[in-house]
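Both complexes below contain subunit A, partnered by subunit B and then by subunit C.
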Partner chain A sequence: MWQLFRKTPMWRPRPFRDRYDVVIIGGGVHGLATAYYLGRAGVRDVCVLEKSYLGSGASGRNTAIIRSNYRTPEGVSFYDESVKLYERLAADLGYNLLFSQQGHLTLAHTDSAINGLRVRAEVNQLMGVESRLIWPEEIQRLVPALDLSPRPRYPVLAALYHPPGGIIRHDAVVWAYARGADRMGIAIHPFTEAVGIGTSNGQVTSVLTSRGEIRAGVVVNATAGFCSTVAKMVGLHLPIVTHPLQAFVTEPLKPFLDKVIVSATLHVYVSQTDRGELVIGSEIDPYSSYSSRSTLPFLEATAAHTLELFPCLRRVRVLRQWAGICDMTPDYSPILGEVPGLKGFILDVGWGTYGFKAGPVAGKRIAELIATGRTPELIKPFSLTRFYDDTLVGEKAAAAVSH
Partner chain B sequence: MSFLVPCPHCGPRDVYEFRYGGEFQRRPPPTVSDQEWADYLYARRNVAGPAKEWWYHRQGCRRWFLAVRDTRTNAVLEAFWPEDKPEGAG
Partner chain C sequence: MDDQPLLGGALRTRLGRVDGPGGLAGLAGWEAARRLAAEVEGEPRIQRLQTATAFGVYEGLLLGVMQGRRLYRVRPRQLIVATGAFEHPLVFQGNDLPGVFLGTGLQRLITLDGVRPGRAAVVVTNADHGWAVAQDLLAVGVEVAAVAEARPELPPAAEALAAAGVKCFAGATIHDARGRRHVEGALLVRLDAGGDPVAGSERLIACDLIAVSTTPEPAGALLAQADGRLGYDPALDAVVPQALASSVHAAGAVTGLSDLGFALLGGRLAGLEAASALGLGGGEASRMATLRAEVEAHRARLRRGLRVRQLTSVPSVGRKRFVCLCEDVTEKDLADAVREGFDHLETLKRYTTVTMGPCQGKMCHLPAIGVTARLTGRGMAETGTTTARPPVQPVPLGVLAGPHHEPVRRTPLHARHAALGATWMDMGAWKRPLLYTSVEAEVRAVREAVGVIDVSTLGKLEVVGREAAAFLEWIHPGRVADLAVGRIRYRVMCDDAGIILDDGTTARLGEDRFFVTTGTGSLEAVGQWLEWWLAGTGRCVHVADVTSAYAAVNLAGPKCREVLARLTDLDLSPGAFPYMAVREALVGGVPALLLRIGFVGELGYEIHAPAEYGAWLWDLLLDAGREHVIRPFGVEAQRVLRLEKLHLIPGHDTDALSNPLEADMAWAVKLDKPDFIGRRLLEAARARGLRQRLVGFELLDGVVPGEGDAVVADGRPIGRVTSSKWSPTLGRGIGMAWIPPELAQEGVEIRIRSAGRLTRGRVVVRPFYDPDGARLKS
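So, the complex of A and B:
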C-alpha cells in the first residue's frame, strides 16, 4: 500500500562532463526518444541538454493527438511507424502512458473538403492504414453529441474515420523516455542551455552551454520552436518560421466523447481526456512570434467554433489556456537528418504542429542515422536538401489544422 | 486583444486588423545561382528578438508598411513606410 506514496525519481542527476560522443539539444519527447533509441543501439556516451525542465516546451503544450492519416505516401508511412511504436511504447518503457486509441474523425463541411478527405482515404488505404470516408448516419452513431443538423453555418457532410488515431498522456511519454534513457546510463542535464556550437573544418567539435563547454562529434538539434536559434550557432538559416499555437481545457465533464474530433473548416479540434476535461486546440496564430502568451481573440473564436459542433457545451467553463511555439516549414513536413557541408550536425526540426505524434519514429530513425552513419530510407524524403532540389513533401492539406 | 500595431497612417490598432507579411528580405537579382534563389524563397532568419517585417493594414488604410517588432514580446518598436527609410530597409 505505501508503495503508492513512495517517491521514485524518474532519472538521476549525473555529473556534468566536458566530453560526450553525442550531445542532444532539447529535452522534449524528440530529444529524449533519440537518447533512448541511441542507448538501445549501444551508443550510450550521450547527454541531453534542456534549458528548462524536461518537457517544458512543445512536448508539454501539445494536444496529445496521435494519428497517421496523412496525405502523401512519404508522410503516411512515416507517421504510421510512429503510431505502431506508440502502440507498444507502454510495454517497451514499462510505464503507463494512458494511450487511448479511440479513433479520430476529420470532419468535412464542404464538397471540396470531402474531395480532400477522399484522396487521403485512398492514399491511407493504399499504404495499409485504416482510414475511410463515412457519412452523417455513421458519424452520429460514433459521436452522439455532435450537431449534425442543418443548423450550423457549415453543416457536417462527411468525415474521414481513422480508428487507430487517439490521445495519450503526453507528459508520461516524456518522463518514461527520460527514465528509459537514464537506466542505460545516458546523462540528462535539465536547466542547461546551449549557447554556442563550435566547428572546425566542416565538422562539429563542441557545444558551449550555460554550465561550460562540452566536446562532442555529433550534435542533434531537437529544439522545435527555437531550432532556428540553434541552427544559427553554426551559421545555418533554416526554412522555418516560428508561430504560436494556442489551446485550452475545460472543467471536467462526465465521459461523453470517445473520439478525437477535428474540423479544418472551423479551425478546431476537440478530445476528452481520461480526467474528463475537454482539450481544444486551434490553428497557429497568424503572425510569427516566440511569445507563449495566450490571447482572448483565440479563446473567443475557438470556443464559438466548438459550439458550432457541440452546442451542448454552451454552459461549460474554461479551466485554463496556454500557447506553445511551433517551427513551421513551408510544406508542413519536418526536416530530418544531416546538413550538407557540416559533419556531425543532425537536424530533427520543423515539427510545426505535428511533432508530438512523431516523437518515437523520429527518435528511433535519428538514432539509427547516428549509430550506423546511414540515413534510413524512411526519413530520406525529409532532408534539408529537398528545398534546394525542389522535392517538397506537401502535407498542408493533412497537417495544417487536422492535428 | 493580443497586441497593438502602430500603423503609420491609422495609428495603433489591434493586430487582428493586419495581415502579417513575413520578415523583410531583399529580392536577389535573377542572375544568382539556384542555391541562392532557393535560400531567398525558403531560408529565414526567424529572429528571436527585434525583427523587421512586412505588415498590411487589411481592415484600415490597406497599405503595406514595415515594422520592427520584438518577436519575444510582440512589442512593436517602430513602424514606417518603406520609402521613408530606403537605406535602412536591408
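So, the complex of A and C:
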C-alpha cells in the first residue's frame, strides 16, 4: 500500500562478518538512525544487531508524538533539532513518513499546572520554539470536541499550544532509516542477539552474539528498555529503571481531532492518526518490570480520563491495547555519549517514554561523536557523569505524561 | 459466561441431526443445544452471565467481561475456556462481493433469524462442516447448485447430497466470484496435487450465494492471553492450543476438534479437573485417569479420521483477492510487501495492516499466515502467528470507564464557606475557598486586626511510638529528637537525593507522640514516604493519618489573642503560651489542639478540633471576633501574606531539582547531626556550592509577571519566577524567583520576561514584612 512503485527489499540480508568498525546493538529508531548518519558521515563498516524483527522494541510500540516544548534550555535545543530533522526526513530518506505537524496541546486543570506550562512557554519562546499559553476560548476553537464546560471534575483552564508538534508513522521511520543505512552498505542483522561484550584495558574489543563473535572497537548500546542488561555486559550499572508503558487504539473514526491533546492532571493523551484510529496513552506503570503485558486497570482508568476530556467518545470502541518497556532515568532526560573509562562503549539510552522523537538528533550526534571522536556540544549536558556531579537536566514536568 | 443471548454456542445454529451421546442422538443441533442449556439453567449453583463477552485475560487470571454497558472484573481460581472456533474466509477474486458468506454465518441467518439467505448456492469447503451447511441450505429451500470440496475425495456426507441431485466436485474449489454488484456465479476449478489450479478445468456455475466453509480456526485468543502456547497444527490446518497454563482448561472446538461427543467429554473432564484443583471433589484419581484416557482416545480417533487439505487460496492473480476484509488488504498487497522485505509476519502486519482492523484478525489470521507461507516459501508453522492482544472483542470506552467518580474532598467548614459566597479552587481533591471578598480587604484584616482561614486540608499525621523521635530525626535533615514536649518546629523533608519533598510543622505532644502537619497536596506522598522507610524495619513507630478527623483553622492577626481569649481558659500570655508552642485546651467547650505558629507572619494560632465541631467552632470564632471585624480569608490572601514573609511553598516555589540549601532553607539542614535521608547529596551540594538560589524580588515597574515567567539575561533564560503577587501591604508587586547565585544579593537588578515584555525587578533576600518576626512572637 505504501510506495506502490518500488518493489526492492527495504534492507537486504548481508553476510554476517566477524569484524566491523562499529557494532550497534538495537534495531529501533535510535540504532538505525545512528547507522544511517554514520553512513552519511562516511563510516560504513557498521552493523546493527537486533534480537528480534526491526522495530520490535519501543520504536514499534510508541504513540509517535513529536515535539520540542520541553522545559530546560538544554532539552529544548536538543529536541528542537530533532523536530527540524524530522521536518526534512521524508525528503532525506525518500520515504513517506506521514509526519503530521498538526499541533500539540498540553492542558492545565489547576493553577499550579498553568504555572508549570508558563515556565515552558517562556523557555520555549526564548529558545526560538513556537509555544504559548492559550485560554479556553482559543482551545475550543482548535479542538471543538473537547469538553471545556465546568462539568468535568477538573475543568480545563488553559493549555500550552505548540504548533510544530505532531505525530508520525513510527514504523515507517524505522524502516526508512534501515533502508537508508542499507543503501550505504551498512549491514542490518535482525534476529541476532548480543549476549556479551568483550573489553580489554578499558577498551571495548568485541561483541558476542547468538550467531558468533564480532570484533569491533566501537559498540553502541541503543537498546532502550533493555539497556541496563546490555550495560551489565561490561559491568556498568546505569541509573535506569525499566517500567512498562501502555497504550491503546480505538476503531477508526472520521477525522474529528487534528491536535495532539495531553493532560497531565488526568494522566492521558489522545491523538487521531491518518487511519482514523484514536491513539490513547498514559504515564508509565508505577512498578518496574520488563513485562510488556497490558493491564485492565490501565484500560479502565485511561478510558475514564479520556471521557472526561471527550465525553462524545463514550460509544467508541477500543480495538487493541499493548505495552512497551521504557528505560527511565531520574531526571527524564537521556544518557548520551561515551562511557568514561571504557573507550568505545557508547550510550544512546535513557529514552524513557519520550525517545522516539529524538531518534534523528541522537542518531546524528552519536554518529558525529563516533566519526570525529568529539562529543558535540548539544549532547554534552546528557552525559552519564551528570549523575555523579549532580547536574541533572530535569524534564519530568515536561515528559512524564506528554511523551 | 457467554456472549450470546442464549446458551448453546454453535450447536444452536445447526439444523442437522446430531449423532451425539447422552440421549441427544437424533435431535436437531438447535434442539440438542436447548437440551444442554436447560441442564445448566436447571442447576441453581451455576451462575450464568449471558450476552457477556470475556474480552481479555490479564495477569493473575483477571478476566475483563463486558455485559451490555456493564464491566465485570472476574478473578477466577480456575478458568475453563470453551470459546469454540471460527471459519475463515478464502482468498479468491471477488471474495468481497455481496453474496459471499461463511457457512456458519448462513447457519445463523437460517436458524436464529429465520432467513432464507438466497435462491441458489455454491458451497465451497475443505471440511466436513461444509456438507452440513449444504444440508441446512437445502432444508430451507435454497437450491444447492454445487459443492466444491477441496479434498481429493468426497466425504461420506456427500452421498445424501449427491442423492438429492446436488453436483459434488472433489479436489475442486472456487477460483473467482462473478457478478457486478452481487454474486451471480462462481467459477470453480480443479486443483492438482500441489494445490495449483488445473488449466482448462474451470466451470462456471450460476448462483446468488457462495458459502465458504473451512476448517475451523480455534478462537484461542483468551488461552494465549492466559499464558497458553498456540501453534499451527498441520494435521488440523489450524492454530491450536498446544500447552495451557496451570489453572486454565480448554474444551470443545477451541481445542481444534469440532465434534459434539468430544466437546461433551472434554467439557466434563475440564469441569472435573477444575473442581478437583479447587478441592471441591471431582472424583477419585482413578476415575479422573479413566476419563482422561477416554478423552485422549477420543481425540486420537478423531484425528485419525481427519482428512485435511490446507486451503487459503488458489494461486492466481487478481486485484480483488482480499485477505483482510476489514482493512482492504489484498493478496497482492502482501506479495508486494514481502518483495519489499517485510517477510516476517509481525512486520508484514504493520506494513500492510493485515489483521489490524476491527475484527483484529479473527477472520484473516489464518489466511494471512497461509498467503505469507506461500509467498515466502516457509511453512505455516515457521511463519508463526501474531500476538493476541486484548481486547478480544472491541469494547466501548464508556463501558470501560463506567460511571466516572472523581471524589471531591470538602472540609468540615464547606457549608460555611458556601454561605459566605466563597470563590472555590481545586487543590488536589480538595475544594478550598480562594477568596471571599477581595484580596486587599482580606490581607488588610490579617495585618491590621484579625482574620481566620480554614486549614483543614493540611495533612495531619500522628506519629507515635517508642522510636518515633529517633525515626523522625532520621527522616528529616533538621533536628527533631531534642524538641521539648509542648514545643513545635518547622520541618523540611527531603528525598534521598536531597530534594525538597514537603514542609510543615512537627509538634511534640509527648515523649512518644508527635503531631506532624504536611502541605495540602503532599499528605499521600509523605504518608507513603514514612511507611516506605518503616516497612520491614520493625521499629516501634506508628503513623496514623488523622487529617479528616480534625477541622483546623488559623486565627491570625494582631487582635487574635483577644478573640481567642473569649473562648478559652487557657493562659494565652506570651510567657505561658509562647511562639512555637503547642497546647491542648478547650476552645468554646471543644477539646482542641492549639499550635502557635504563623505562616502569614502575624501572631497566630492554628486550632485543630474534632471535625464534627468544626462548624460550631468557626461560628464561635466569627462571633467572638465581630468586635474586631474579623474576616475569613482565602488561599489567595494567604499566598500574598506568606509571600510578604518570603515563605516558600514546596511544589509551587520548588521543583523536582530543588534542594533546601538552594531554596534558602539552610536552617532546616543540620549536617552536623548523624545520618539522615538525603544527607549524602546535601553534603555534596554544599561542597560544590550553590548553582541557583531562590530569592525574593520586588518590581520596579508596574506589571506583576505571571508565575512561571522567565528571568532573562542577554535573551536567554537564566531563571524563573515561581510566585508573584501584588502586595497591598507594600503597595508594589513582589515575588520569588530562582536565579543564578551571583545575582542573589540584596538590591541586584534582574529582568523578567512577561507576556513578551521585559520588566525590572530588584532582588530582596530578607522578608519584606516584619523581617525580624517581632509581630509573630508578640
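Here, the second predicted complex is superposed on the first by the 396 of 403 C-alpha atoms of A that agree within 3 Å, B and C clash if a C-alpha of one lies under 4 Å from a C-alpha of the other, contacts with A are read in each partner's own complex, and residues count from 1 in each chain.
Keep this in mind: a residue touches a chain if its C-beta (ideal position, glycine included) is under 8 Å from a C-beta of that chain, and two chains touch if they have at least 3 such contacts.
Values in this document were obtained by computation on a predicted structure and should not be read as measured data.
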Which of subunit B and subunit C A:L296 touches, first, second, both or neither: both
Touching partner for A:L142 - first (subunit B), second (subunit C), both, neither: neither
Which of subunit B and subunit C A:C312 touches, first, second, both or neither: neither
Touched partner set for A:P330, first subunit B, second subunit C, both or neither: both
First, second, both or neither for A:T8, with subunit B first and subunit C second: second
Chain touching more of subunit A, residue-wise (subunit B, subunit C): C
Subunit B versus subunit C as contact partner of A:L342, first or second or both or neither: neither
First (subunit B), second (subunit C), both or neither touched by A:L378: neither
First (subunit B), second (subunit C), both or neither touched by A:P286: first
Which superposed partner A:G116 touches (first subunit B, second subunit C, both, neither): second
Subunit B and subunit C footprints on subunit A, overlapping residues: 293, 295-296, 330
Of all residues in subunit C, those that touch subunit A in their complex: 56, 58-59, 62, 64, 71, 73, 329, 333, 336, 339-342, 344, 346-347, 350-353, 356, 358, 360, 389-391, 394-398, 400-402, 404, 406, 408, 425-427, 497, 651-652, 655-657, 681, 684-685, 688, 691, 706-710, 712, 715-717, 720, 722, 753, 756
Residues on subunit A engaged by subunit C in the complex (per definition of touch): 1-4, 6-12, 53-56, 60, 73, 109-112, 114-119, 121-123, 125-127, 153-154, 171, 175, 190, 250-251, 275, 293-296, 299-300, 303-304, 306-308, 313-322, 330-331, 389-392, 394, 396-397
Partner subunit A, residues of subunit B touching it in the complex: 1-2, 15-16, 19-20, 22-23, 34-35, 38-39, 41-48, 51, 53, 71-74
Partner subunit B, residues of subunit A touching it in the complex: 226, 228-229, 232, 237-242, 285-291, 293, 295-297, 330, 387-388
